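Pasting the structures here.
Note that chain A is present in both complexes that follow, paired respectively with chain B and with chain C.
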Partner chain A sequence: MLKLLKKALQVGEATVEYPFKPVEVAPGFRGKPEYNFDRCIACGACATACPPNAITMEYDLKQGTKTWNIFYGRCIFCGRCEEVCPTGAIALTTEFELAVASKEDLYYRAEVQLRKCSCCGEYFAPSRELEYVMSTLEQSGLPEGDRQGWRQLLEKCPQCRRRQAAVSVAEATGSRDRVQGGGQ
Partner chain B sequence: MEQEVKLAELKAKLKNVIKRSVYVYRVDCGGCNGCEIEIFATISPVYDPERLGFKVVASPRHADILLFTGPMTRAMRLPAIRAYQAAPDPKIVVAYGTCGCSGGIFHDCYSVWGGTGSIFPVDVYIPGCPPTPGATIYGLGLALDLLQQKMKGEQYTEKEVARITSQYAGVSPDLARDIEREARRLSGYLHGRRITEKYLQFVREDPLAVDQKIKELVKQEKDSRLAEVYLSLHKIYLDYLGKTEKAGHHAG
Partner chain C sequence: MGQGSESKRAQKYIKDLRSKFPGAILEESSQAPDQITVTVKLNDLPGIVEELYYRHNGWLSTMLGNDERELNGCFALYYVLSMEGNSNKRENTWITVKALVPEKEPQFPSVTPRVPAAVWYEREVRDMFGLEPVGIPDARRLVLPDDWPDNLHPLRKDAMDYRYRPEPVEENYNFIEVEGEGIVEVPLGPLHITSDEPGHFRLFVDGEYIVDADYRLFYVHRGMEKLAENRMDYDQITFLAERICGICGYAHSVAYAAAVETANGIEVPPRAQYIRTILLEVERLHSHLLNLGLGAHLVGFDSGFMHFFRVREKAMQMAEILTGGRKTYGINLIGGVRRDIFKEERDQVLRLIAEIRTELDELLDILINTPNFISRTQGVGRLERQVARDFSPVGPNMRGSGYARDTRADHPYGAYDRVSWEVISKDGCDVLSRELVRAAELYESFNIIERCLTEMPPGPVLTEGFAYKPHTFALGYTEAPRGENVHWLMTGNNQKLYRWRVRAATYNNWPALRYMFRGNTVSDAPLIVASIDPCYSCTERVTMVDVRKKKARTIEYKELERYCRERKYSPLKF
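And then the complex of A and B:
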């Protein structure tokens, strides 16, 4: 008995005082994915990578918005979203106290605006994403003179851009034909 | 409707009466056993929920709290309903784990109904895949109103278009990409990103002193593997410098 007591005193308490004191989490613990709205470019890489479809992305072309949505009740804390995020907008934290009484509290939503095509007037891509492209181009040394042209290009939707390219090619070849025709 | 109001009242009363000592019965509705293992880890002496009054019992007839784990599968739906009916009213229903909350990664399987909520009114959701013992105790504490809820649903809307710049501002995107790619290849995305950040911080602060700083860092670093990673990143940086210098000469 005395031996046992001695041993117990030597070993000390094994129980953690969790609800009364914060518990220590292991390094590399994968907890709640924290979303940073100010860094998100709404590219949708996380939604594509998410294995259980906890992160979803939806276009609303009438309203001109793209909605990012995470449902923590479906998240399996794998960290794939953090892995693929190009701007570091989403990262796993060590937060684990996620229990809620109502399901609504498990949803986080974010709405970003889409850009309107300067040619056909339809919404096509998140403005933030295009701005990110522009700033990356500027950082990699795009000359000041070219910026205006690039900016105009980014204001157009891919279809209008394609049409414009087709028209310019047709004009170029047409004019050559005419030139050839004139020579004959 | 009247019955629901009555049940809510009874539940409030239950929380008053049981105060801290509650019996928990766990119902496995077709999970992978990850949640079960975590529940058993929770009732070990390390977390010892019995000091708070939580006890896992073997029959739903004794239970105050029903813990539903796993996605609600077709085969386990009836047993789950039977367990629910066997537990005396009022009872607290807890959806445990990601699968219990919403069906989790199995939510669109042909044989899955999709979470506890698809059949029973759920009082508390405990997400996590699986929830750690800490999360379990927190969730059970929340079920009895002993602890405060921390999560709140959030909604962000963009009013003005924000200009988001690259993560490693001030460094050439080509260099940042090459360095991050190599760091991730060598040590995974998580540490790779941290290492990249640290390395590019040197480049950002003073491009001329990078060589010296890296040499110091490598000398001090106890983990030889990490030192090796830094050296290989540094090689990429030196190559990049050589290339840009050459290009500069050509241009000049």
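And then the complex of A and C:
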């Protein structure tokens, strides 16, 4: 019993005065994920990797937008989004005080503009993502001539690209009519 | 995977089975050098499981049903046995006994009359797949709620969408009835008596003494297996697995990752193995300190409880430094880990270990010298050796009864075979032995963490670029603070799992609890439950029945806990 008293006096106070004083966390603490709109290319890697579906992506092909959406109420702070993001647009912070008065405040959304297909005029992919791909190609040392070809190809939607490829194959083999008939 | 040649360790068992049950073994396949699956004729199933369990020192580690109608037109049953007791631990192996159940006749001969350890598993298979264990002594529901429709079996592939919630029907659960003079029924709950979690206990008491007990659990069954099979990708489930339990979550995560890695033949880099081992031990530190604190609280030694929790905080800090999370480490991926350990972090952790070690020396000295502690725990809640043999309990619960069973030693994984350490066991069979096992294990954990941190080889921590193979199956296992966790899984198409079976440590400990209650007083009940360190979320109230007056009354949890601490003003007297 005396030992315990001695121990208690020796240790002193073991509690911290939180919430009246801030709590320090370790440098690598996995807290609230913060989103940086300027860096985001709306590729959707975070939404695919997110285990609890806290991050979702939605296409609106009429308005021409792609919406990035996070619901902090579902977030499990695993940090997979940070890990898979190619541009560093999302990163975990050391912030952990996430309580809000209304559920709506836990949602955070961002809209990114989509690019129209240069061939059929339908919205298909985020402009930023295409720019990102182009700049990556540039940095990889692709010659100017090839870049133009790639740009033309990237500005078409996947359907148009497929059609174009089929047509060019057909032209090369001399059976254009049949492919068109089948393609329509 | 290779057939036959790799599984030399299992051959002696197979040979014996072949001579005793001629023609019963239909097929053999090997998933890893120490994992072999034998398909047997359905009628020979109980005999073969009994033979391996009692004659060859096998333990029932898990059992599961699987709806394989899409693959081979049948349901399948897998009884996973851990074959131990070899003088050379390297000869230990896992034998899975598989049997196919035809779709038209969904029933199988129950193994339970011969091996009591199978009782919960078979009840679960009946609930989830609608396969009837013929001859099972206890045919009540186990997992499904009492207001669940009779003919809906959630894990059948064609049964239901995972979001479907059926309309409730009339509920009815038949608790066992104990006839006898002077037995009072005491309901304990609806909250759990030690960790504020739901579970219904029914204690049959004669005066102050418990003559028998019954319990209804699974009030918090979350349908994770169904969720994983339907909605999640195989590489996301490590995070789901970590949320099975708030205490031993990381052990589940490692077991899951190991199962996927074995099924797909993925090699994990040694450095990743060391990091996993360190974190598993950090988890054991905080869990054992928590349970020792809880034990102190229940014998009325609350200042000891506070001090254990103060020391435990250092273990939480260790986890925060190493992983960025205090409890959910979130560091596992299939093929390794996501975060390396740097020198600065290593030094901080080594300093914390030294601090906890000196603190613990003093605290344990105080705890053991507290007169109340020994008198309240010695000879209480005995888990007899024969009961332990029949029900395959795991963890400190088992090691307190004289069996040195520890998955870390029996089936080494991670870096456990690369660092030296000892399996702790005591043979008092009581609450005291179990707590002492935990205390001694803490020191082993300190050593393991220190050794791993200093001897960790350099190199990558993650294997990337592997192929996901559909329809392969394997076991993953870890020794969580409470005992062995076993995950069995079968991979499926589209990056999804076909079947995932999680068996948490507490699942194997619950069935033996009934025998541990017998002969003890009501005031010891919370302490006995606490000593197996149960985990309701992994697996899941108290009614007391006076057998002499034939009266039942419900006692509030707070009241019973107070009685356990103070042992005055018995709640049964009013």
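Heads up, the rule we're going with is that the second predicted complex is superposed on the first by the 161 of 184 C-alpha atoms of A that agree within 3 Å, B and C clash if a C-alpha of one lies under 4 Å from a C-alpha of the other, contacts with A are read in each partner's own complex, and residues count from 1 in each chain.
Here, a contact is a pair of C-beta atoms (placed from the backbone, for glycine too) under 8 Å apart; a residue touches a chain by one contact, two chains touch by 3 or more.
Note that the structure is a prediction, hence the values are computed from the model and not measured.
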Which of chain B and chain C A:P51 touches, first, second, both or neither: both
Chain B versus chain C as contact partner of A:A101, first or second or both or neither: first
Touching partner for A:L9 - first (chain B), second (chain C), both, neither: neither
Broader residue contact with chain A after superposition on the shared chain, chain B or chain C: B
Partner chain in contact with A:I76 - chain B first, chain C second, else both or neither: both
First (chain B), second (chain C), both or neither touched by A:G28: both
Footprint overlap on chain A, comparing chain B with chain C: 14, 25, 28, 51-52, 76-77, 79, 83
Complex contact set, residues of chain B against chain A: 45-48, 51-52, 95, 98, 101-105, 107-108, 115, 117, 122-129, 131-135, 137-139, 141-143, 146-147, 149-158, 161-167, 169, 172-174, 189-190, 193
Chain A partner contacts - residues on chain C that touch it in the complex: 232, 236-237, 239-240, 243, 303-304, 306-307, 310, 313, 317, 320-321, 323-325, 328, 330, 338-339, 362-363, 365-366, 369
Partner chain C, residues of chain A touching it in the complex: 3-4, 7-8, 11, 14, 25-26, 28-30, 49, 51-52, 76-80, 83, 92
Contacting residues of chain A [partner chain B, same complex]: 14-16, 18-19, 23, 25, 28, 37-41, 51-53, 71-77, 79, 82-83, 86-88, 96-101, 103-113, 127-128, 131-132, 135-136, 139-141
